[in-house]
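Please go over the structures that come below.
The two complexes that follow have subunit A in common; it is paired with subunit B in the first and with subunit C in the second.
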Partner chain A sequence: MENSKAIHIDSLSALFDGNGKHLKVLENINFTVSSGSFVSIIGPSGCGKSTLFRLISGLPTKDTCKAEGKIRVNGKKPETASKDREIGLVLQKPTLLEWRTVSGNMQLPLEIMGYSKGSIEKKVSDLLKLLDLQGYEKYRPSELSGGMQQKVSIGRALAYNPDLLLMDEPFAALDEINRRKMNNEIINIWKKTKKTILFVTHSIEEAVYLSQKVIILRNKPSTIHKIVNIDLEYPRSKVQNSSKYFKYIKEIREYLNEASI
Partner chain B sequence: MTLRKNQKLKKALNTDFMYKRPNRSFFLRTFITVLIVILVIVIWEIVIEHFNIPKRILPKPSDLYHFFQREFLTVHSSRYQTVLTKSLYSFRDALFGFSIALVLGSILGIILSLKRGIYAILFPFLFLTQLVPVPALAPVVAAILGYGYSTKIFIIVLFIIFPIAIAVRNTVLNIPENYSQLLHTYTTKKYITFKYLVLPSLVPTLLSVMKIVCTASIVATIIAELPLSVKEGIGKDIYNSFNNQMIPRVWVSVILISIISLLFFKALSYLEKYITTKYKYGEF
Partner chain C sequence: MKRVFKTYKYVLLSVSSLILFIILWEIFLNIFHVSRIVLIKPSEILATCIRDFDILSKEMLYTVSEIIPGWFIGSLMGILCAVIMYRNEKLSKGFVTTSVLINAIPLIALTAIIGGIMGTNRDQKILLVSLIVFFPVFITTLSQLTSIDQGHKDLLLSYSAKPKDILFKVLLPKSLPALTNIVKVSCITAIFTAVTSEFFGGYGGIGIFILSKKGLYNLELVWAGIFFIAVFGTIFYFTVEFLQKKLVPWQES
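Up next is the complex of A and B:
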């Protein structure tokens, strides 16, 4: 399982066709993500990151979006993998229900999926421990900082133990200090849970800090420009001032500049 | 006995209520309101007395008091339905129609939010109910459905269902898309999304709209009673009293039903405040 493909995308193209618009958003996308790896996707605005994210997550796309090609998550179609609870989603906004407490939000998918009360309590208690949120069980989302809200959202995604965690710019709204804190937290979670993580980001530094592989998308046509393997040891906090680390940042920045033209 | 009283007083002093006592501005506001009411009553009495305005146009507050005394404070008061009893009957019917409208309006609002086509078909009919005033509509409905109780309730529902349905539809359509997406990753069953997301989102809207339509339901009840053959209800009584030139009775009835409407509105305001502060339903 260690080296099997968690995500396999083959010749994927997508276009918006309808309402007088004909816009190709993705063209001939091919990549794989091995099980247990941490991969980031980065690209200029409007390069189709969100469409790609939606297609992989099995979320319904707009009626005008037509996709061709093959997407497999753990060897299944994304819709099937989603139904089989193999995909956990963390969105840009924490998307927490204000009328539920921290525990209540983490319980939500488990309640919906029909887990027993005892099992829900055990899982939530384990998650609170994993995410270092003990003592905040009864807090409402609005009483937490942005970083903590996002932690609850990660906890909710992990609650039903999916193999794959899809994260769409989850720390985009955080300040630099909290973002780095959350980066370290997500690496710890990844190391402990051994989940596959596909992380969409706008930040080159974040992509290098977190990932084993960075996929750079380009605009016009929206396709893969480069895939960069990040050969740096974890924890990255130890190597973040090394020349090799900055070399990766510089390399990706140059690729991104080419991709934005 | 005195010791017991003292103990009771001590107990009362230790309750949380004492720590949450209303502030000075509350007493000041209440005092000013009472003062204004007294002042209006006094001016009202003086003006009518001074200008000799006939009772059939505007009765004096003392006339209203005399009627009040006759209606409620004599030995015969318990033998017939007072204007208060009739007002409470009207309130009961208003509450019943209000509850039905709330349920049906919510269901209708949800149906209207499902597809744009459904909205396009149903909206003109719904809007039509708002174009025709209730006094004009009531006899028409009565001619079709009869002059009984069900017609009365039907008219109340018809009068207040429109804002409920529209508010519910708009709330459902304005639920942020990312929440629906999130729920979609947990389940594709629509009723589960409805239970966990749509229903809690509707709570603040329904509480607000309840405040808007609560007084309208009482207005609709009174108007609906006029052409119908229902015996209970203050609307019919106001109409008959007016025809018999019992003007103080009309005035006391109007004041009573206004107080009931105000209390209804206040009760719903407190309910809204309590639920929105405690449960934070519908906040994203």
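Up next is the complex of A and C:
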């Protein structure tokens, strides 16, 4: 049953057609993400990751982009799932509103969705606790580090309690140390909230450190090259020096090398 | 505390440089002989300001009663028109063309045209000032409201936000720094417009006062009038800047 799957993608293709261009960006993509799992997507640049991300999010793609095939999020079309508040987005840039405080930013979607004042306050205080951001309520984004800003944007995505978190290279701008810190945080959040997470990344190590399943995309044709199940226990900080962990990294690197040709 | 000290230092620095400038001016005129037609001593100007304070402030207030309403109406209309039109590209483009056309008319000609239609009373000056202020405020607001970060756009879409929410929760607050800036700069444009238009006729005001005293070679009164305009302009500008800082506190850091 596709309904038990958080994401179900069946023979999805997309192409840019117009302005004299005719470019296939995705070809025959098939995969599923089961509820509550953590799945990463990795691939060389230009493999159509962004297009795939936008299609699953229910965001509009360029006018010239035509998609075929089936995408279901919780058994619904992405646009419907998005309207039903089942999708939370975390983008590459934190995209916080600079005039709002940490709390103010987290409550933005709640205000727009018409939650009552009381329930907004309750939800925001729960989020601050979950993300360990207590004491920072009144800070403005410009007073926070890049990692903290991204944490606030994760809080904003969790505010209306979506089942699915879609994350597009959220930690790409962070340095190695902060990135690892945020990796641990996102795993904690995932364990506590039991959300389904689809995580787009550039980093092989990050993909192995975080996910249960890594989907490797390829160029020419832009399709799925391999899917690797990562059979390691959490927290991964305990196994990150094991030979099994390195074997996964090596395996994915080899696949990626093949995929980039 | 630190910030208070910083503001204090800033004020001290501005005031002391102004005083230094005036002292140098006074010394210069004491040493060299300069025709009164060119320049007169600041001490004389100041004495005139004190002696003729009543008439000077009366004339200045008349002009202020043209500047402030004109500036306010012009700014408000500029913002309102942009808010009404930003979602309709055809309408806003057409309107931009019209307002460019009006603003391309030299101020003198515009004064004459509007003077011909409605006379040279106070309302004419208010209309002129608001027309001149309207244009930059409208263009700035429009360009601010029509540009949005792709990330914000995507997020708002994923929240299924209504246009009203997008406007009030994102677009308007985002525009505030640029908007308050242009409104602040327009203070000076408003003063300039009001005084200049008075040179071409009217029933009162500091511009007319200066013009008539110049005709009588009453030069210390001309300078005193200019001094009053400068003082008012400074107060006006910094008051608006103060309000701007209250309204846009996040811009400081």
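One rule holds in what follows: the second predicted complex is superposed on the first by the 258 of 261 C-alpha atoms of A that agree within 3 Å, B and C clash if a C-alpha of one lies under 4 Å from a C-alpha of the other, contacts with A are read in each partner's own complex, and residues count from 1 in each chain.
Heads up, the rule we're going with is that a contact is a pair of C-beta atoms (placed from the backbone, for glycine too) under 8 Å apart; a residue touches a chain by one contact, two chains touch by 3 or more.
No experiment lies behind these values; they were computed from the predicted model shown.
When both complexes are overlaid on subunit A, subunit B and subunit C end up clashing with each other.
By the document's definition of touching, of the two partners only subunit C reaches A:E143; subunit B does not. Common to the subunit B-facing and subunit C-facing surfaces of subunit A are residues 57-60, 82-83, 87, 89, 91-93, 95, 97-99, 108-109, 111-113, 140, 142. Residues 176, 178-179, 181-188, 192, 196-197, 200, 279-284 of subunit B are the ones touching subunit A in the complex. The part of subunit A that touches subunit C in the complex is made up of residues 57-60, 82-83, 87, 89, 91-93, 95, 97-99, 108-109, 111-113, 140, 142-143, 156, 160. Against subunit A, in their complex, subunit C makes its touches with residues 149, 151-152, 154-162, 165, 169-170, 173-174, 176, 248, 250, 253. Of all the residues in subunit A, the ones that touch subunit B in their complex are 57-60, 82-83, 87-89, 91-93, 95, 97-99, 108-109, 111-113, 140, 142.
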